[in-house]
């Protein structure tokens, strides 16, 4: 930590600060300039609260000089992490598209949607069985029956499956069906859940909380990594700002920022990030152009009758069209995106 | 819901919207003005997603006309809710002060702090046994041992106890010791936890999430009320804004807003709301002047050596001084605040 | 406006609201449902303040049903506006790139930078002569001398010139040199300036304020249009949010939102939107992929010695590389971007 | 500035940074710890852009160690500034209340409102003659005629007058009538206006911009102080956040923060800070309890027919009631508030 003293700080005040830092185990380096003194403190207990120094007399500002996360940082691991799930590689050259309904509603709906997104080039099926809803009166998901439908559809289509875990008590159940366990935005700082997921050996897709800074998001990833789970995929899905025309403000600049700070792959969810079907395609294209490692998109075979989030779900034909656009964009930054549409290779035939 | 059609909307487009609303069970009232048509839709399924109408051709805007919460609203229950815990009444004429350490660290620390805050007029002891920390490397609390220390101190001082529950698996344990179960800001939308707490018969103190709108906060209260738990206390503790000088921006206007929309009592946490010891007293005074039903304040017998949040904890003497100021302010709005300091009545002797 | 009455509203309260609306000249349509009454008010004075109705007893909510802007809306003018400046068309099929230094510093610096960006495909030279700086001690620009340098360089390179006007007293001067007058983010609601610019016949590039909603931005465009100036280009340049890693959060979703609400062209400024050189290219690519009509980018022939904003200025070679990427992306959405680089056509030879 | 190098930074990278800092005139102090090197740079050109260092290889973070303002800081002037205007002292023991209509509409309206607020204890009349309105179609104020009405009413009531200046061309005119020149929130970074007002010798009331950090606000005050005008009063009036129930979020914690960082007096505007009449009194009380040096409140003799901002204007009787509450609160923090109501002293008789 670096402590900047006020111009008028007395020698006594400076000594008081040094004493406290030494007490915490820091090595203190003192620089005295014409106007003020700056103290550099290295080593020391990682969790010392800089605010306590800030409250001492004569202190102007205290600056933390290490990121509070370690395993998630590029300093710790300079090369990109690629999360490997069978033949799927998230974080490699290919931009991975995950798509499917907000929630599993019926065998037919899951199957029709899965087939449609697979045909267009999606490699991971998304779908929820437990829905966190802000109102207690909303549809709350089909539970295990939903997971079974999703798993069967994924298997028939040769896809991987990502599905949300809302609670530690659901981990075992969801892990039995899904290939990737999703942590929703509202649970990004549910530390009990994170700690438990750190102990599983399934990849985790960690959504950014709507008011989480990038640092807090990486700290939550640190909880997972610290538990021994190395397969973490970050997911930007919009932050809350004063602009209320869209549900959230998709922070696409988080892509290059995360790629500088961390080695973990990052995907983007333009469906929750905008909340409106007609804004999904522009933001999906923008995410790929900005360098995202993947997308997770809500598609429904009949959005007008969806039990949840129909307004932000794409029709299958919109999704086809979007995938064609993405195939043009990805090469601009040296990426590919399921270059040969599956249909042409005879899938599902 | 009210649907405002575009000026150029065709009769076909209008009929398409009406058909959808009728399909959802709404009664539709049509008003056609010189420039545009407005459709009023009443009745209908509560959970119909207005965004689906918004996506139809010819629609300019859709406005929801009922709050999505019901039991929490003043429309449903016009008179104030008073949460009664033994001889304590939260939401009545008296402003209730809850105070104590961020977390229980030792028998001596809990006892010294409890005695000090009781002497100054606090009626509820606050203190954590399980600490949700954004870093996995921080102090995580003493667990049940901490709860035992807090309970003994509260009993010795004749105080009630409020303590945080982080997970459904902790409910039973914490409820065995505490009088009020606290839901932290990060758990405000942990719906599994809310649903379970709705089934207990202990009062719940529900903190506002740092990026939660007042409506979302009341919806979370609705989860608790819908489960049958009527004793809910709301707690404003600061929201996240662009201003970073303080940790959060305490939204004191939430006090009169909540008091208009809901019958539930509301208290304020100026410690987390500011994050700095020297800002706690001004914001505590402001909260009482704005009409808060209570305060929850971090006080530590030795803040410089606190294991967590020492920087925002008051020294006991600061707390004494603050209570004296509050006793002058409360009567300005017809409230009292533990008018006769306990020490004079011979408490703890 | 639509007035939603509370469930318990009395007939007297309803009549009081109707009386006020009729007094303001509205036609009132009443819909009474099982639970509540909704009043639709059409016609009436445009500037009636809905908040006054909201304060009446028995009123739950008031909803404005017309956008407060008119000339800027797509309802008023369904087809896209193309701003034509000589052979340049902003808002047409071609994505227009504006580039150049933050501020004019010297003849040599302006010339070198202009030549470099022209060679890479930029068609408009950007550069400031008057700099609005948040500190009174910062470099404030070269004034008219700077404008002369920029104009000569633009002429030599066959480019148009965009430059900022900070005050009504500068309009005449800047208009003598520049082809497009820029209104900075801090002046987006300087209504005196907007009114005066509405009377000029030069195109205006209107930057979004860092805390302006899209509606407020379009209202500021309305000031310009209402004065008779039809050639308005909107410019998204980032909004202020809680995330402080980047200087601002670039709101790329504003592109499709504006394109739905308004007929005006929209360009994006990824330099101010991110504040850091290494984030400019990803956000520039994303903006084009999202459908922007153009870009405005800071490039400097020697960023490390720039007098202002060097940290967010691209090196000419970075800019070349970016333009090559953009030429791959633009066709994905049916746009082009100066397809034949100028150098190949022998410019500047 | 303090430069924190990455753990893996090479000696070459460190030397490159040192060279750049020395080139800018800094004295560089190097501290090398076990893990990383920290460079303290003192002296040097004040306007060096730390972001340029941040972009160098091997640099992890750069921290500025001086506030960018000087004259506005408490370091520069430790004792409180009291702005003296005749017998009025803003920033002294007395809490000064400024009140009056949003805008002057007629002789009768101004007179009736002025008499009412004077009777209740206000010492400064507020009122606008030029109104900055976000829509070009709204009432724009009476201009000089309005100023004349306000000045006569203030004189008759023995009050001072504060009125807004929107543009440098209005300064001379408004200064002829008003005792305090107000800079509106939208003009907080209109540097041309600030520079000119710095040259006048009238006190200036500087409102905080809705998205301005406290640092930016103090930098704007610095523009005024740097011009030689020492009589600056700061005014908190709400910031823009995600919460949309109230027009803005009043940041009352800005009061103690500003009082720590600066010597300038700070007043609060609860009318614009909330936008709704029924929230004004709670926030006015809270502001005084938090330590504000004054209040500026919109009061109208007939709010329901006000030409602007009627919804946030108090009725005179509400204002009376509020003043009585404030007289109880102010002594809690050792302040007074026009203790003897004017009527009792025979004013205006």
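Chains here go by letter, A, B, C and D, matching the order in which they are written, and residues are numbered from 1 within each.
Criterion: contacts are C-beta pairs under 8 Å (C-beta built on N, C-alpha and C of every residue); 3 or more make two chains touch, one makes a residue touch a chain.
Model, not experiment: these values are computed from the prediction.
The chains touching chain B as well as chain D are A, C. Chain centres here are means of the Cα atoms, and by that rule the chain farthest away from chain C is B.
Just to note, of C-D and A-D, the chains joined by more C-beta pairs in contact are C-D. One finds 39 Å separating the Cα centroids of chain A and chain D. Averaging C-alpha coordinates per chain places the centre of chain C 28 Å away from that of chain D. Counting partners per residue, chain B has 211, 240-242, 244, 278 as the residues that reach two or more other chains. Across the interface of their complex, chain C is touched by residues 46-47, 49, 51-52, 54-55, 68-69, 132-139, 166-169, 186-187, 189-192, 195, 209-211, 216, 219-220, 222-223, 226, 240, 275-278, 303-304, 309-312 of chain D. Those residues of chain D that touch chain A in the shared complex are 2, 4, 6-8, 27, 29, 31, 33-36, 38, 40, 42-43, 60-61, 63, 65-66, 75, 240-242, 244. Interface residues of chain B, counted against chain D in their complex, comprise 211, 213-215, 239, 241-246, 249-257, 260, 273-274, 278-279, 282-283, 285-291, 325-326, 328-329, 331-333.
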